Every structure is written in C-alpha cells, then in structure tokens.
Amino acid sequence: MKFKGRDIISIKDLAREEIDYILETTRAMEPVAKSGSDILRGKMLATLFFEPSTRTRLSFESAMHKLGGSAIGFAEAEVASVKKGENLADTVRVVEKYADIIALRHPLEGAARLAAEFAEVPIINAGSGAEEHPTQALLDLYTIWNELGKIDGLNIALVGDLRYGRTVHSLAYALSLCDVKLHLVSPESLRMRREVLDTIKDRIKVTEKRTIEEILPRLDVLYITRIQKERFPDAAEYAKVRGSYQVDLNLLEKAKEDMIILHPLPRIDEIAAEVDNTSHARYFQQVWNGIVTRMTLLALILGAIK
Amino acid sequence: MKFKGRDIISIKDLAREEIDYILETTRAMEPVAKSGSDILRGKMLATLFFEPSTRTRLSFESAMHKLGGSAIGFAEAEVASVKKGENLADTVRVVEKYADIIALRHPLEGAARLAAEFAEVPIINAGSGAEEHPTQALLDLYTIWNELGKIDGLNIALVGDLRYGRTVHSLAYALSLCDVKLHLVSPESLRMRREVLDTIKDRIKVTEKRTIEEILPRLDVLYITRIQKERFPDAAEYAKVRGSYQVDLNLLEKAKEDMIILHPLPRIDEIAAEVDNTSHARYFQQVWNGIVTRMTLLALILGAIK
Amino acid sequence: MKFKGRDIISIKDLAREEIDYILETTRAMEPVAKSGSDILRGKMLATLFFEPSTRTRLSFESAMHKLGGSAIGFAEAEVASVKKGENLADTVRVVEKYADIIALRHPLEGAARLAAEFAEVPIINAGSGAEEHPTQALLDLYTIWNELGKIDGLNIALVGDLRYGRTVHSLAYALSLCDVKLHLVSPESLRMRREVLDTIKDRIKVTEKRTIEEILPRLDVLYITRIQKERFPDAAEYAKVRGSYQVDLNLLEKAKEDMIILHPLPRIDEIAAEVDNTSHARYFQQVWNGIVTRMTLLALILGAIK
C-alpha cells in the first residue's frame, strides 16, 4: 500500500483495502493525537481555502500541529492574487514552493483535480463544489467503524440534502465499497444525484425513502445533514424543505438502542439539543475523529509513517 | 489556590488573594517572556474572535508561542459556520476538539459564560459585549502594581467612556477589591453603569467628576479610555463627547511627578503624542504586560505552573 | 558588514557590497531552506499587511517557520484597531511588543519608513505604495545572479507597467548599482517614473523602447510585469494597454537560447502558458528564491547568522 506523495482528490481513487488501511492506521494514531508527536517537524501544510470553512481549516491545522508541523494559508473569501486575476494553476504552483502539502477547498467541482495536475506536492481535497469531500467521508467511515466495530452488514441511512451536500456524495461512494444496506431519505427535490445513485446501485442495495420513520427501527447509523441554504438556487425551495427532517427524543423512541447519529456539522435544527446527551449522539466525536483521520493522512502522504 | 482547568469569565470570579497571586506569578514570568520557554509545548490555544480585535488576538497568540505552544483560530467578522446558522454552544463544542484552551471574544454579553457552560476545555473571556474584559483588568492591575509597587492606598481615576467601555467595568470591579480611592470622570451621558457603581460603592470610596482637572493633583494613576464610536447608538451623541478629555503636557503640569498614565489602546486623540516621551506614559508598557499576564494565565490554567 | 538590528526599508539603503553579501549568503541558505533549521527558535515575526498580498505574506511566514521561528499577524483589508482610528505609529509600537521583527505592507508610500522611525524592533518593508518592494528586488537579483552566474555585463529588460509597479522601481535602483545595460519597455502612459529614471541614468546605460521585439535578441533577462489594474486611475486607460506585451513561443524564437524570463507574479496574460515548460521560464523559481532570500534577511537582521 503506497500513500507517500499521493493526492487525495476523490474517495473514488481509494480501493476498499486502502480505506481499511487508513481506518486501522487512524486507530493507531489515537494515542498520538492525545500526546502529540514530532514526526512532521519541519514540514509545512498550506491550507488554501477559496471558500470559507472554519472547521475544516482548523481541523487540518490542528492535525498538522499535533504532529509537530507548521501551517500557513488563507481563508479569505476574496484572495488577493485571485482578485488580481491569477488562475488556480498558477496559485498552486506558487504555494507549493511554500509548503510540503496543500489542503484545498474550492467552490468549483474539479478544482482539486486540476490543482493536483499542476502541483508537484501532494494535494488533499478539502471540499470542492457540491461533489467531493473525501477526508470527511474517511472520518465518517472511521467513526462508524470505531463506534460499532464494523461497517459490513450495517443498515445506514443518509438523510436530508442528498443533492447539494458534497459530504453525502463522498460517503455514499465509500459505503458502496462495503457490504451495507444504504437508505437514502430526502425530499423529492433533494434526491441523491443520478450519477451517484447509478454507481452505488450497481454495488450495494439502496432504497429511497421520504421519511425517517419508515426505516428508523432497522437502522444502525442515522447520518443526517444540514439543508444547505447556500447550495440552493431558489430561496422559496429552501423554505419548503427546511425542517423536513428533525431528530428528537420522540422520534428516537423507535430507534435501536445502539443506533448512532452522525452529522457533518454545522447543524441548524436537524437534531434537537435534547438528543446531545443521549447515547446515540456521535456528532461531536466525529469532530475529534476528523483530527485523527487527517493526522493519519498527513503522516502517510508525507511519508512519516507507512 | 487552584487555577488548573479553570475558566476566566469575569473578574468578579476572582478573589483578592487570587488576583494577588496572579500578579506575583506574572512578575516571575517576566524573564520567561524575554527568553522564551517550552512549558506549553504540544498545547493548542484556539482564538475565537467573533468580533475583530487584532491586538488582543495577537497578544494571546504571542503569549502562547512564547511558552512553546501553538495557536489556531479565526478573526473574521462573519465566520463561515456561524453564517451557516450554527449556535455558539455547537461552535464551542467543535472547537474544543481542536484545542486545549479557548480565548473567546464575542459582541454579546454573557457569551463567554454560555461558552464555558458547554465547553469541557477552559474558556478565557477575551471581551464580551460592553460588560467584561477580565484579562485586560488583570494586565492593568499588574501595570499599576509593578510600576508603583502597590495598589492599596492609591488614588486612581478612570476617565472617558465609562458606560460602553468593557475595560473600565472589569477594572473598576477589580479595584473595588483593593483599598483604593476611585475617581470616575466622564460626561453625563457616559457615566459608569448603575450596576457597576452600586457594587463598587459598597466596598470603596468612589467619587464622580466631570473634568480631569478637579482631581488631577491627587492622582497616582490616570486611566483614560477611548470614546468608542462603535458602542454609541447615536452618532450625534458621539460627536458631542468626543474629545471631551484630552491629556497633554499643559494638563500634566498639575500632575504628581510619579503619576502614571494608562490607556487600553487604541487611542484616538485622548492622549497627545507629546505625552508619549514623558515619564508618565505607561500605555505601551501595558501592551508588553498584557503578553506576560496572558502567559501567566495560560500556564496556570493549563497546569504547567502552579 | 552589519545587518543585525537593521531595517530594510528601501533598496537604496543598501550598498552594492551589501547586496552582493546578501546574494552570497542566500546561496549558502539554499540547503537550509530544504532541510529546515532552528536558528530562529523562540523568535517571532509579525506580518502587518494593511493591503492584501497572500503570496508575500506566506513567503515571509514560510521563511520564518523554516528557521524554527513563529509568525503572527493580520492580513485583513480593514484592521480592527485601524478602523477604530489608530495611527500607524501606535500600531507599530503595540505590535513590536508581540514580535522581534515586523514585515509591513502598506498602501501608502513612506509608511515603512515612518514605522521604522517609531519601532524599536527592525522593520522589513514588504511593499509600500507604488514605490518600494526591496525584498522582491533582492530575490529578483538573486535569481538573475544564481541562474546566470553574474549580474554585471548583462542586458536586462524591464517590461510592462513601469509607472505603478513598485517591483520594477526597486529592481531598477538595484540594477543601477551593477554594470548592466537596462532596457525599459512600456507604453507611453506607463513609462518609468521620472525620479527613478533620473537616478539610474546617472549610473548606467538606459534605453527606453515601446516594443519587446526591438530589443529581444540582445537580452539576457526579460523581466515582465503585470499591468496592475488596481493602480490605474482610469479603467479606459487600463483597457488600452492591457495585453500590449505578451510573451509566447512565437516571440521567443528571436530570443537568445539562455535568456531567462522573470515575472513577480501574479500574471494575467503577459506570459502564455506554453512558455512555462521552456528553458527560459524562471518565474516559479523566483517564488522559491523569495523564501530563501527572506530566510537570509530574517537570519541576518535577527543576528542568527553574520
């Protein structure tokens, strides 16, 4: 298994064995995440965020610092050199002189792939367009695997905005490499994109539902997402679907005792605050797992571990 | 005296003995501030500034770096996850995964207290609303104590905007724990808030004045603040009081030789440039003291010193 | 040769021997830039960017980190304390408490000089107004010297916006200390500023041209700059001159085989993408050289090397 020098652009670039290897390596990274380490001392991460995302940026920076490395970057909506008219290829070829690895967030699909073609240093896609967010998918998988002891055989529901949410696209692809039953719950207007659906249906059993209730009693994992206002072309359409799905104590009465609830955060009102203290809630644990997963990726790609 | 793991939300949470202990520990920290240290190596500070404040943020970051730790954070007026609708409790529960301690600046009163209730890591209030700024009060106290050798027995004037300035609220509370004579000098419209005044009047002698001149010859400490335009509900009101109080060489002729002038900065025209080179000026010294005080708090709260 | 504690405000402050010394020291710094070092451990750089410039800021931060130091700073268009009305002298006297050295970018000419007069720590001018950008000039010189083995005796063209581009002003001054033939190529409206031209004409042979073609076959160095839209008082004027000069493969047929092309970046359409893979292109190498040059300056000024 070779990760050194590799780009992480799409979850589709990773084979099942590679994903499993990342999960196992992440578990071994847990104590390091608590104690700190110096294995990336002298290494530099550049976080290039052309779209704001405080938490993903801080997660990468925290991961880098925990391994003894440094981080520089920008998180401005309008970057100076881009305002001056620079193209992404040039920006990447400049920034790679400053850093050993680049984490890139970009509003356009395909941006990370393009960057990787021009860059000599490895590129990690930290979210591009509505398409891909591979490190989020990996931390989601790690959370499921680490909490429930396995992925294969589980009943997993993805709930909410399955059309514009890049998180669920990357996660659905990853889960289609596993032996799971996938339940897609969304309003009609936010159904999972055709191209994603076609690919995963070839591999695993997928059902589409309109309500959580229909499927809840069977679920091992309830993965719910924010209806992302900023992804909607139309405000009226947003108003209609917002709040369609809300998880509260009442709903959870019909859930299995060991069902876990995941959410990529931020949440608005998809999960009631009363759920936070139940044994189902794992969405803040996901945040921690995100750091550990990213530490693992940084260490693997920079060749500090194998 | 136990500081490890503690939140610093309000100056009112600290007893006089605790404040004295912080001052003495800060003095012992002075050489460390010059030489640097590694006692917080591997520790991470998150600076969450929901309201811009370059100097307070840089002061915390500098303090953390001088102790060998790292800092991440944001300082954007509009934070991505908040724009997406996230509440403060969630933001704090996410960010605490990235960091060992959080310094929070927020435009709303009570925000730091709320954050501390949800956070498992310690929260330092780096300014909330017009109410509290406890680390500024501590560095102010340290400056007075370090420069004049004592606090008890002094005549201290707080001048300027005593209504909207959070700095003077925290400092007035802190001074009310000491045996000082406090003189509050402000225009009528910017008098010290009732609730602050009531509390401190129970403990120490307080006079209210309209001009510096009335009280100047007796003063050991002249603490002057900016009339904060952004705190005024009404621009006309601001125009009226701006420039009411200005310290220049002419005024200082009536001051004691060893009276010191403090200012939380930034200043607009409250202190003439000609005063900068006099032996009275201590406002840039305060900036340095701010780093040393914050180093002390970080080291105490994170348990690196006792 | 004394660099410790010195400000770098203008390229005019440096003698030829000092520039040569910096170039030689930069070459010795190259392996350190690759391996990393700890010679600035415990030292802090503050990057104060009152004007956005992602690449220059990241270059300074990367240089500081590569030497084991830390960096803090701001890069906001509107800085909090400045919005509150603070003047530059106060900002600098505050920030110098946080840092051992300051890199300052400011939209106004003379800002760096003013800052240096008030600061006790060394100031590096990271670009002020349309006037000066001394570290860019030094990295340009280093690139020429390192790539061609010498500076004296070369034919060098500066092409594009010679009126508003601060880079070419600093570089032209620096080159006038060397025995070069300088060719200035620009549209009439963007000719080199009178005051720069007068100074350099006293020292070296200077010709002014309207097209690259007239001079191309003789050139050892073609230094082309972006027509900076934001420096134009008039949009119509910008539209007229934009694209006047474009380097492509067709043009390069008439160039010497070992002629090098430099550009301070970002570029818009001054250099066609097809040129990137030719042996002439050195503009991405310049980015790397910028880090190494800034490492050298930081180490010299902070007294870590001599």
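For clarity, chains are labelled A, B and C in written order, and residue numbers in each chain start from 1.
Just so it is clear, a residue touches a chain if its C-beta (ideal position, glycine included) is under 8 Å from a C-beta of that chain, and two chains touch if they have at least 3 such contacts.
Fair warning: this is a prediction, and the values are worked out from it, not measured in the lab.
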Interface numbering overlap (same over half, different under half) for chain A and chain C: different
Chain A onto chain B, rotation angle from CA fit, given as a multiple of 5 degrees: 120
CA centroid of chain A to CA centroid of chain C, Å: 40
Residues of chain B whose C-beta touches two or more other chains: none
Chain C contact footprint on chain A (complex, rising order): 41-42, 44, 46, 70, 72-74, 76, 79-81, 83-86, 89-91, 93-95, 97-99
Complex interface listing, chain C residues touching chain A: 35-36, 52-55, 58-59, 61-62, 65-66, 71, 75, 226, 228-230, 265-268, 273, 284, 287-288, 290-291
